[in-house]
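In what follows, chain A forms one complex with chain B and a second complex with chain C.
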Partner chain A sequence: MAKYIAKRLVYMVFVFFIMSILMFGIYKMVPGDPARLLLEGSKAGMKPEVYEMQYQQARERLGLDKPIPVQYAVWITNMLKGDFGYSSNYRKDVIDVVAQPLSNTMQLNLVAIVVVFAITIPLGIICAVKKRSTFDNVVQVFSVVGYSLPTFIIALVLICLLAVKAPIFPVSGVNSVGFTGSALAKAFDKLWHMALPVLVMVLGSIGSITRYVRAAMIESLSMDYIRTARAKGVRERAVIYSHAFRNALLPIVTIVTGWIMSVFSGSVIIENIFLWPGIGKILFDGLMQQDFMVVLAMQMFYVIIALLGNLIMDIAYCMVDPRVKLD
Partner chain B sequence: MALLELKDLHTFFQTKRGTVKAVNGVSYSVDAGKTLGVVGESGSGKSVSAMSILRLLDSNGYVADGEIIFDGKNIQDCTKKEMYKIRGNEISVIFQEPMTSLNPVFTIERQLSEPFIIHQGMNKKQAKAKVIEMLSSVKIPNPESVAKQYPHQLSGGMRQRVMIAIALACQPKLLIADEPTTALDVTIQAQILKLMNDLKKEKGTSILFITHDLGVINQMADDVAVMYCGQVVEMAPAKKIFTKQKYSHPYTEGLMESIPRLDTPAGVRLEAIPGAVPHPLDLPKGCKFAPRCKYATDKCREEEPTLVKIEENHQIRCFYPEKEMRKDGK
Partner chain C sequence: MSKENKAKKSRVSILGLLFGNRKKQLSFLEEEQLQSPMRTVIKNFVANKVAMVSLIIFLIIFLSVLIYPAVNHIDLTYQEQTQQNVAPGFNMMKVPKKLQGNIKEISVGSTFSVGVSNDGEVFVWGKTKITSVIDVKDIPENMGKVVQVAAGADHVLALNDQGELFAWGNSRNKQCAIPENLKTVKNIKRIYSGFQCSAAVTEDGNVYFWGNTGIIDFKIGEYQGQIDKIAINSQGVLGLTKDGQVVSLTANELAFSRIPEEMGKAVDIALTAQTGAAVTEDGKVYVWGNKTKTIHEGETLEGVVSIEGGRYHYTAMLANGDVVAWGHDDFGQSSVPSKVNKANVTTVYTGYYQNYAITDSGKAITWGLKGYILGTDNYGRDVLSRIMHGGRMTMTIGAIAIIISVTIGIIIGGVSGYFGGKVDMILMRIAEIVYALPFLPFAMTLSAIIGNKINETQRIALIMVILGLLSWPGDARLVRAQVLAERNKEFVTAARAVGVRQKGIIFRHIIPNVVSVIIVSATLGFASAMLTESGLSFLGFGVREPRPTWGNMLNGCQSSTVILQYWWRWVFPSIALGLSTISINLIGDGLRDAVDPKANER
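After this line comes the complex of A and B, so read on.
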């Protein structure tokens, strides 16, 4: 096991470097010049010579005057040293640009994921046990509606109902304007602001996960060993939650790890609607403004998350199902 | 006195295409310390009658009529709680498929200790000692290491031994063996059957042995019930069925003739019963076996025979139970 993990980590380093070359190459191929973009605002009032001089200076500052392999070498060395580059758009270090939005996104996503799984797993199990009952049918219909409706529709409807018609939750933002109080009170204020975006995310994803859990449970409840457990005199609760659920875990683990990986990715739509300053908007703006350092740093971050996520998924499989062997 | 008695049991399944009468008026009984063999082709209702006893039918199945008396109790009247106490404790089952009947994600120890923990209130440590004891009693080598293994690490024969150990854990009064050797090869089958016979003699357990294999029945059963299309067509002591005698049901006769024997001369074709078991939603009028019976007459195709007592301990559901008479009639 330890040997396997060590092997996987070495392999991950290789994949990381190959991905970094690919990513860097792709962004270098994108037409456009960040140095010109940097000077775009002040161009009008400048003499051509001054502009040309400043442009050359900007190219040097951003390291664009060197050949591409050298640029890559400088970039990757700095990355490994913890220097993620300089944002040409925000005119500060990439780390300062992304840190706060990434943290905002993660907080929102974590709360949403906890709520989603706290609802969907029990709901999926109940639907599987009461397969084709009225309860199951109602849940099935709602789950189809849930994942067929686009998030922005759900968001607007919820804002209309729960923030405008019945002003229970704030329309947008992270904290109340000019909020003062203890750290705990501030955390609760934040949770209160999260309510609507979380609700939107939950409603949008509840259907599909409930269906996954339901299908996995129906499959495992139909197995011969469930009959064996019942014939042993095992109580029905234990048959469902111990014998059947343990076997349904494998597909569920796949979904859960997939979701946990998505904690780090922001949603442009939700962030824009609820004015939640998350990473989704930063990435979107980065692409629009050709702020490649920000985008590249984030992309490499997601590469690492994906690689680690897959390793964790494989280890989780191994722990859930004794038939799975890692080697 | 009979330990288990089925009286005119009707078990039906509600399906989209109609009501499937899987068990349609079956009566049989198992005496204490004896083995009743239930024989029949697939779909004859033998497993369903056994699952009715434990009330472990699929959700669309139900007992429509009849009684199941076990140890003086009517199973239909038992509460859920009483059923939990009966299952695995007073009545236990060995299923047909050892490859899929054990839970793949739990160790043998975990699965075998469950009956002790549930029914005898043992803690895990006490149960562990019993697990080792049970594994050795079903002749599993290295019980300590097997207990820690998962089902996929064991062979089919070993898994079936584990199933038998689970079934016998609480020394049940009745053991239902639902085709326990069908999925095993012949040498393993012989070992498993011997094991069951030994345990039966040792512990005095009654066995309801379900199979389609008459050879196995000959080895195991004291009494035999032959089932066809949800009904018992012949019931007799095993000795009577397996010796040449005056009376028999044409279906039993067909089953006997379709067994390959060592003393059959070379070149003689093995008899087979023509056709297949009719679909349960489309049963023939009259005698259910008539379409496949070589002796069938117009009467057989119109009227349905009842189970008639031909002689002491021998019942047959046929208008022409006497073998010689049938042959002359043709």
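After this line comes the complex of A and C, so read on.
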């Protein structure tokens, strides 16, 4: 196990460097000169020779006067030291720009994940146990609808029903404007603002995850050991929850880890519609404002998350199913 | 044979014709022996009701988005400010029954019309809702006997037999605020409403103008006191003096303010959006301004008595009572129905895209724009046409993206599965990374960075490639697993023994055996490619305006005004997109069950 993880880590470092070269290459394809962009604001009041001097200084400061491989080396060293660059839009270090939105995104997604799994796992199990019943068929139909509809359509419908026609939930923001009250009241206010985005996320992912759980459960319910368990008189509840479900966990873990990885990437569409100041919104704004240092840092962050996610998935396999051997 | 059996048999044979089943029904055992696997798959699929219904729905959508754009071309630059956010429906020219046969006068507004009966009662019909609170259908009470009405883009003027003036509708630009000095004037001859402005001409030749002076810079100068009639459009005002001279009544130069000099004495004038026209004493028509191919056709006419202008067309009455129309015909506004010239027409009222010909019995014959089946968007573009063209775009992008991804998937999966070992390890690690990358953020970044430098067609190609390049790992894994299962079977060993090259073994012997699985995965992938494209376009990183796709049609629809008041702008594209993806997914599920009936048991 330890050997496997070590091997994986070496491989991850390797992939990380390849991806970073790729990302840096894409970043270098960006049209426009960051040094000129930096001076854009103060250009008007400057004499041409002063501007030229400042421009050269800015180029030097940003390291643009060096050849591209050197630029890459400088950039990657800074990245590894924890310096992710400087955001031209926010005029702050990228790390400061990203910190708060990341926490916002994680809060939103954690609530959504808890709700989704609280619903989908029991639902999937019930559907698998009552396979081909009316209940199962109805859930199947809704799950197809759920995963076929894009999130923005679900969001529009929900905004229409729950925010415009019947103004129950707020459409945007994290907290009410000028909210004052105790910390607890503030937390509730935040949850109230989360309601619509979370509902959209839940409706959008409930369909596919229920299907996965159902398929995994049906698979393991058809195994011989289930028949054995039933034959020796184990209670049906125990058969389902301790014999069948534990064996169905393996495919479920795959989805769970995949999903948890997406917690960090956030949902660009949902955060945009509901103006939730999360990481997806930052990426969107960064791309819109041509603030590519932020985008670059975020993409590298995604790569790390993706690599870690794969590793965690493998380890999780071992933990839920001792039969899985890693080598 | 019972009736039921007969019906069953005929149904089977129709489906058989459609899907190439054998005419002769075989017993189960015969079938097993004789039917090719593909035929079994089709048979299983046809038996699946849900999948078949979905297939039919999808085919209907697919054929519509294929045929409609081929027949009706889209003008991407088209915008029409007078037709913004028009609700769905066809009642724009539905003259009320009570008015029919008793018409004194009709005035045409942008999306509605106003009529007054011989008894002085006012009627409004068409798309009368201007905003959530303003409806031009709310006619003021106690107007007395109305003798004249004038409908503008979003407001109405009325004049009663006492010479009193009334205005209602949208008054944001003060177009309903009747000037104080006009309230005492009792000799109003004619009232006019235009785009956010109103005007009145008195018997003694004075013109009063009010409303949005930011759009129309009204300036009458020396002609005050000489004007007989005027014509208003969304940019300017033309006047006709009592001695037959046509003059521009705006301070600024417009396309139609340079009036031809050699015209002679004019008797009637009219305006379209970009041109002016006049009828002279000797019955000839002159048109000037930004003339298009069709708009000056009227210059060949003779014996013209009067002329009326729409948004992009003219109608004229001839001395012999005939009505002719020319100009743009995109809503049939220049196609005068034959029954107009059979009837005894006394007057023609034209405005925007609608025409009313009034017969001597007081009835109206109409032609032109009835309405939009699915409404219009915020630029006045027909939602139906955009859904159809957008659907073609969305489906094309989805299809090509999936072809790219399946091709890469087959190659990588095939090679990886067949060779195994190091090649497999490397390829699958790459697949793993691509698979783990957050799809939408990466696609957005690539589209934003590369897409800035290229034109729109290249952008669309780029989006297809991005979608294809980011979605192959699923297919590759699937193919690899199938190849792994197939590669040790006898026929592969046989092929190898005969000396078939490795490339041939993978792509000619193994891949055909996994093709059904690939088709299923491609079908499901098609739906998700469409969804991703829509998501990208919705965010503004896919296909951009004015080129429609189902995604970017929904862009800008999340404000509560649009959601509630202009519901047709988001409901119809959503239905089109949702119905397509749901039906494709159901077809995919059906195909999977048909290919692998055991999957159904699971």
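FYI, the second predicted complex is superposed on the first by the 304 of 327 C-alpha atoms of A that agree within 3 Å, B and C clash if a C-alpha of one lies under 4 Å from a C-alpha of the other, contacts with A are read in each partner's own complex, and residues count from 1 in each chain.
Here, contacts are C-beta pairs under 8 Å (C-beta built on N, C-alpha and C of every residue); 3 or more make two chains touch, one makes a residue touch a chain.
Remember, it's a predicted structure, so these values are computed and weren't measured experimentally.
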Q | Clash-or-fit label for the pair chain B, chain C on chain A | A | fit
Q. Which partner does A:224 contact after superposing on A: first (chain B), second (chain C), both, neither?
A. first
Q. Vertex at chain A, arms to chain B and chain C: angle between C-alpha centres to the nearest 10°?
A. 100
(Q) Contact-wise, after the overlay, does A:284 reach chain B, chain C, both or neither (first, second, both, neither)? (A) second
Q | Larger contact residue set on chain A - chain B or chain C | A | C
Q. Of the partners chain B and chain C, which touch A:307 in the superposed model: first, second, both, neither?
A. second
Q) When the two structures are overlaid on chain A, which partner does A:234 contact: first (chain B), second (chain C), both, or neither? A) first
Q. If you stack the two complexes on chain A, which partner ends up touching A:269: first (chain B), second (chain C), both, or neither?
A. second
Q | Partner chain in contact with A:4 - chain B first, chain C second, else both or neither | A | neither
Q) In whole Å, what is the nearest CA distance you get between chain B and chain C after the fit? A) 11
Q. In the complex of these two chains, what residues of chain A are touching chain C?
A. 11, 15, 19, 26-27, 29-31, 144-145, 147-153, 155-157, 159-160, 163-165, 171, 215, 218-219, 222, 261-262, 265, 268-269, 272-273, 280, 283-284, 287-288, 292, 295, 298-299, 302-303, 306-307, 309-310
Q. In their complex, what parts of chain C are in touch with chain A?
A. 429, 432-433, 436-438, 440-442, 444-446, 448-450, 452-453, 527, 531, 534-535, 538-541, 551, 554, 557-558, 560, 563-564, 567, 570, 574, 577-578, 581-582, 584-586, 589, 601-602
Q) Within the complex, which stretch of chain A touches chain B? A) 223-225, 227-235, 243, 246-247, 320-323
Q: Note which residues of chain B are touching chain A in the complex, please.
A: 54, 56, 84-89, 92-93, 95, 97, 100-106, 114-115, 118-119, 150, 152, 163, 166
